[in-house]
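Two complexes, one shared chain (subunit A), two partners (subunit B, subunit C).
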Partner chain A sequence: MSGYLEIVSARVRYGDVEVLRSIDLSVAKGEFVALLGSSGCGKTTLLRAIAGFNPLAAGAIRVDGRDMTRLPPDKRGMALVFQSYALWPHMNVDQNIGYGLKLRRTPRDLATARVTEIKALLGLEDFGSRKPGELSGGQRQRVALGRALAINPDILLLDEPLSNLDARIRLTVRHEISALQRRLGITAVHVTHDREEAMVMADRIVILNGGEIAQVGTPTEVYNRPNSSFVAAFMGAENLVDLDLAVTADTIEVAEGPQNRRAVLPRGGRSLESGRAIARFRSDSIRLSAAEEPDDDDGGLVLRGTVGQVGYPGGVWRHVVHLGDRSVMVDAERRFENGAEVRLHVPGDRLYVFSEARN
Partner chain B sequence: MPQHLLGLMLVTPALAIVVLLFLVPLASSISGAFEVAGTVGLGNFAKAFELYGNDMAFTVVIVLSSTVLIGLGSIAISGYLTLGSNPRAVAILRWLYRWPLFVPFIVVGQVLRTFLAKNGLMNSMLIESGLLTASQTMSFLDWRGIIIAFTWKQTPFVTLLLAGAMASLDRSMIESARNLGASRPRILVEIILPQVMPTLMVGLILGVVTMMSVLSVPMMINAQTPTMITASMAFRINAYGDYGVANALGFVSLAMTSTVAWVYLRQTMRDQR
Partner chain C sequence: MRSLALDPRWIPRALGLGLLAFVIFGPLTNLLLWAVAERWYFPHALPLKYGFTYWVNVFSPRGNATGALVNSVVIAGLTVVISIGLAVPAGYALARLRLPLRGVILLMLLVPQAFPNLPVYVNIARIFYQFGLNGTVLGVVLVHASHGLVYAVWIATAAFSALDKELEEAARSLGASALRTFVDVTLPLAAPGLLASAVFVFLESLDEFTGTYFVGAPDVSTLPLLLYTAGAGGNYQIASITALILLVPSIAFMLVIERFLRADVLSKVGR
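Let's look at the complex of A and B:
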């Protein structure tokens, strides 16, 4: 892919600690990329490095072929929306949105027109003379977005812009932001720790772990074809079982184990080695049946366990099932009582298998 | 015992101290200012304005000019502490700027006396460096000396308050301005200062009150007339035992500081509305 924003072997150090280790990333023009990871993975550091607030110890950042590595934040054609919004409390909405234009010495009538346009875009028409203290969280968030968009940046950088909103507003603002980004065709890099937020907003997701990129892909790729146990777990496949594999050209043979039956699964191009492996699966991708019911083998992996706990989070029953010394979460339409012996049927394509040596 | 009586008893010692040691002497000074030969009148004030009118004007000019300089100095120092990009320079400045806080006014007067005199250290250095000849030197031991002393001594205090207020601002407010292309001076003036203005005002008003009470600096540096109101008051009492005029001068000085406080309070009330 021809990159519009290119990050090449970027490293960032805080003192002796290397926070980012050789990040390579290419973002196409008009693309919406989410940087996803848990706290401390380096996602905000990467965003701030792109914005020019964290100097690179090594590597380069290019936009449209131009080297930006040593340029100050305001010369990069990027606008950053801060997690705390960072609105200036002594200025009203118009002044906040128009400040970037004032700094660029935009003639007053043009600046006023641009501020009006931005306010209309974000539904802030009635709030021009209000101070940030008089706005709700969602409105402040839109003012921060408007302030960034007013200067017509090439790239919009968003640092967890939704994390300060309450859960219900967050859902609508997600769609507002991604719709706006598509309408304006602006290139956007969005930092978040919320998997679902990244999935619904982004064209492509970059999963970071310990200062390195763990996987890059479209939402469906990272969700359905995680390349490591870490990514699988991060994308919600928290359930973990140990297996013994014999790998051939196009099958994976799972040996009979203390908790599982023998199974033969299609390999599906996965790079695996024979021997000990770990497998992950999601709580909602499993069929649960009682051990005494007649068995209908549907080709996946079958695990045997005992129900340890049942709860109702809504829609389905959530069971904690003990598989030997490991426990997994399983959702089912019907309720299985504590202590019930159950079978877990995991479809082959919903089971993410990784050789132990590689993880 | 009823609840409210118990409460009153608890507060009595503190109240008594305030009343006996502060309110009573204040009231007696104020009433003393209006007492002429056993009757109430404005004689003391007439005499005070006639004899020390120049000193009053001198005091106002000195205090206002010092306040302006203190304000500018503290904005510059705390601005650099907040926005400075050279960590070593910031650390050195942070370590250095507080020193004058721990030097008493009388010592400041003493130090500046030897530094600013016609044959003092400053002029000797200027002559040594060839910038001035001995005939061109002049003494700064007049109104300029007082302003230098006040500014040197009070700037760190206001800076301490101001730098604290700036440090507690959300850093991302500064970064968002930088992101849009604001230079450091613009960030200081347009983003930071408006948000720390109340703190700056409090610092400057406390500075005004302190300068209005300092006797040692004008006595040591400016041994001539006109001089500051504090020196005139001390002179009136020590040389003539004239408490009436001294009280009138005290009343004028209180009126000056009260005016400043009143203007400030009115301003904050308006801002909060």
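Let's look at the complex of A and C:
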């Protein structure tokens, strides 16, 4: 598949440190792609490389077949929205939004109409003559977005534009931005460290780890079929147990272990090897039952543990359950007391198993 | 209820403040009195006769003050143009580019200041003589600029360093060339700092004596040279009036600096 924005074996170095190692990514026209990763994974570096602020040590960046690798930022037809917003304090809202149009020598009446249109789109009608210093965080964020949208960029680049907003405003702005992007049909690359933000906004998620792409996929793919222990953990499956596997063509047989019962799970096309393995699961995908209750085996993996701690974050009870020397978090509708012996039923399709040799 | 009675602990403070005020304003009062004194001699504590005849003399066509004032302002103006003209690109480069010898370059600007002035100026005068620059306005401007560049470059570097780089990148990203970005974003935002450095350079030049004396005198006369001649000749009225004229721009510009030079720029001086 040949995409609109093509990144081919891109490498970026800061001095001797290779921050990005051979990134390959293809973004279709009109697609919203999120670059997701923890701090220092290279996501902002990749975005700035696309924008033209970080030169590539090797590789290429193409837009619609045109090579952009050596072009300066102002010749790339992209617009970058900064995490700090980077609004010019000496210009008012109208001048900030209209600056890109001024650069393109848009006739004044057309430019004024465009600025008015953008302000209406973002609910900034009443703030045209205000300076950035006189605006709230949410308003500044919208001005920064409007300034980028005003020039109808080929590609919109967003560098954690929501991270400086209050949690409540962030939720609404999330939906505003993705609705706007869909309506205008803009190709967008969005950098974030917020998993949920990436999930609800993006068509596709690129998970970065240590300057490399760990996995690319739709939100449901990376959430339900993580390809590595890292991605599984990053997507919320923080609970970790050790297992011993015997893999056949279409089943995975889990051997009886100190904390788990023997189980046979469908393989589901996963590439696994027999031997030591680690398995990850989310705290909310488990059924918890007391050890003395009658057992109703439903085909998943059953683990035995002791409750170490109980808390109530709201909605469900959160238990810390000790499995030998490991601890896992388990949410349950009802409360199990400290020290209670419990069984954890993890459904087969919610258990992410990875051979130890691979991770 | 608080008593209105005098707190004895305030007495030493009041005395201290009074002494400080006298140290600062005493000489200035003396200057003001001399400027309007027609006749004043020992042992009288105050002038015997007040008047403005010396002011008329100073500004009469025969007096040298008007010419010296014009010279001073022209030289200070040209010094500002040269210093800021060099300091803007130099300061930008020092603030933004990763220059390997950044510290050394900033330090080198200080070198002329590090040695005693007199030997430096004698040598400058000797070298300028070869090029025919002695006794010319250009020669004096160059000497002043060697002084002014220190302030101009150091403050300009601080002003550009205080600017968030992303403000410039935002303009680049929207399609502005490097030069356009500099004109539209960098310069307006650095302007207060640059203005302050221009004021410093102007005041330094207006006040400069030694270099002007060695390179400019007697062909180029400035207010400080006039002040020196008048003072040395015992003509305290003329000296005081010249000193007052020199004080006016200093005070006016200090107010401007106080208004425009923000703490975040000052904190970056020399970084």
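Quick notes on this one:
Assume the second predicted complex is superposed on the first by the 358 of 359 C-alpha atoms of A that agree within 3 Å, B and C clash if a C-alpha of one lies under 4 Å from a C-alpha of the other, contacts with A are read in each partner's own complex, and residues count from 1 in each chain.
By definition in this document, a contact is a pair of C-beta atoms (placed from the backbone, for glycine too) under 8 Å apart; a residue touches a chain by one contact, two chains touch by 3 or more.
For clarity, every value in this text was computed on a predicted model and none was experimentally measured.
Three-chain overlay on subunit A, with subunit B and subunit C in a clash. Residue contacts after overlaying the shared chain place A:Ala79 against subunit B and subunit C alike. By the document's definition of touching, neither partner reaches A:Met201: not subunit B, not subunit C. Look at A:Leu122: by the touch rule set out above, it reaches neither subunit B nor subunit C.
Look at A:Leu351: by the touch rule set out above, it reaches neither subunit B nor subunit C.
Once the two complexes are laid over each other on the shared chain, residue contacts for A:Leu56 go to neither subunit B nor subunit C. Comparing the two complexes, residues 51, 53, 72-75, 78-80, 82, 84, 86-90, 99-100, 103-104, 147, 151 of subunit A contact subunit B in one case and subunit C in the other. Every residue of subunit B that touches subunit A in the complex is listed here, in rising order: 170, 172-173, 175-182, 186, 191, 194-195. Across the complex, subunit C is touched by residues 51-53, 72-75, 77-80, 82, 84, 86-90, 99-100, 103-104, 147-148, 151, 157 of subunit A. The touching residues of subunit A, when paired with subunit B in their complex, are 51, 53, 72-75, 78-80, 82-84, 86-90, 99-100, 103-104, 147, 151. The residues of subunit C lying in touch with subunit A in their complex are 164, 166-167, 169-178, 180, 184-185, 188-189.
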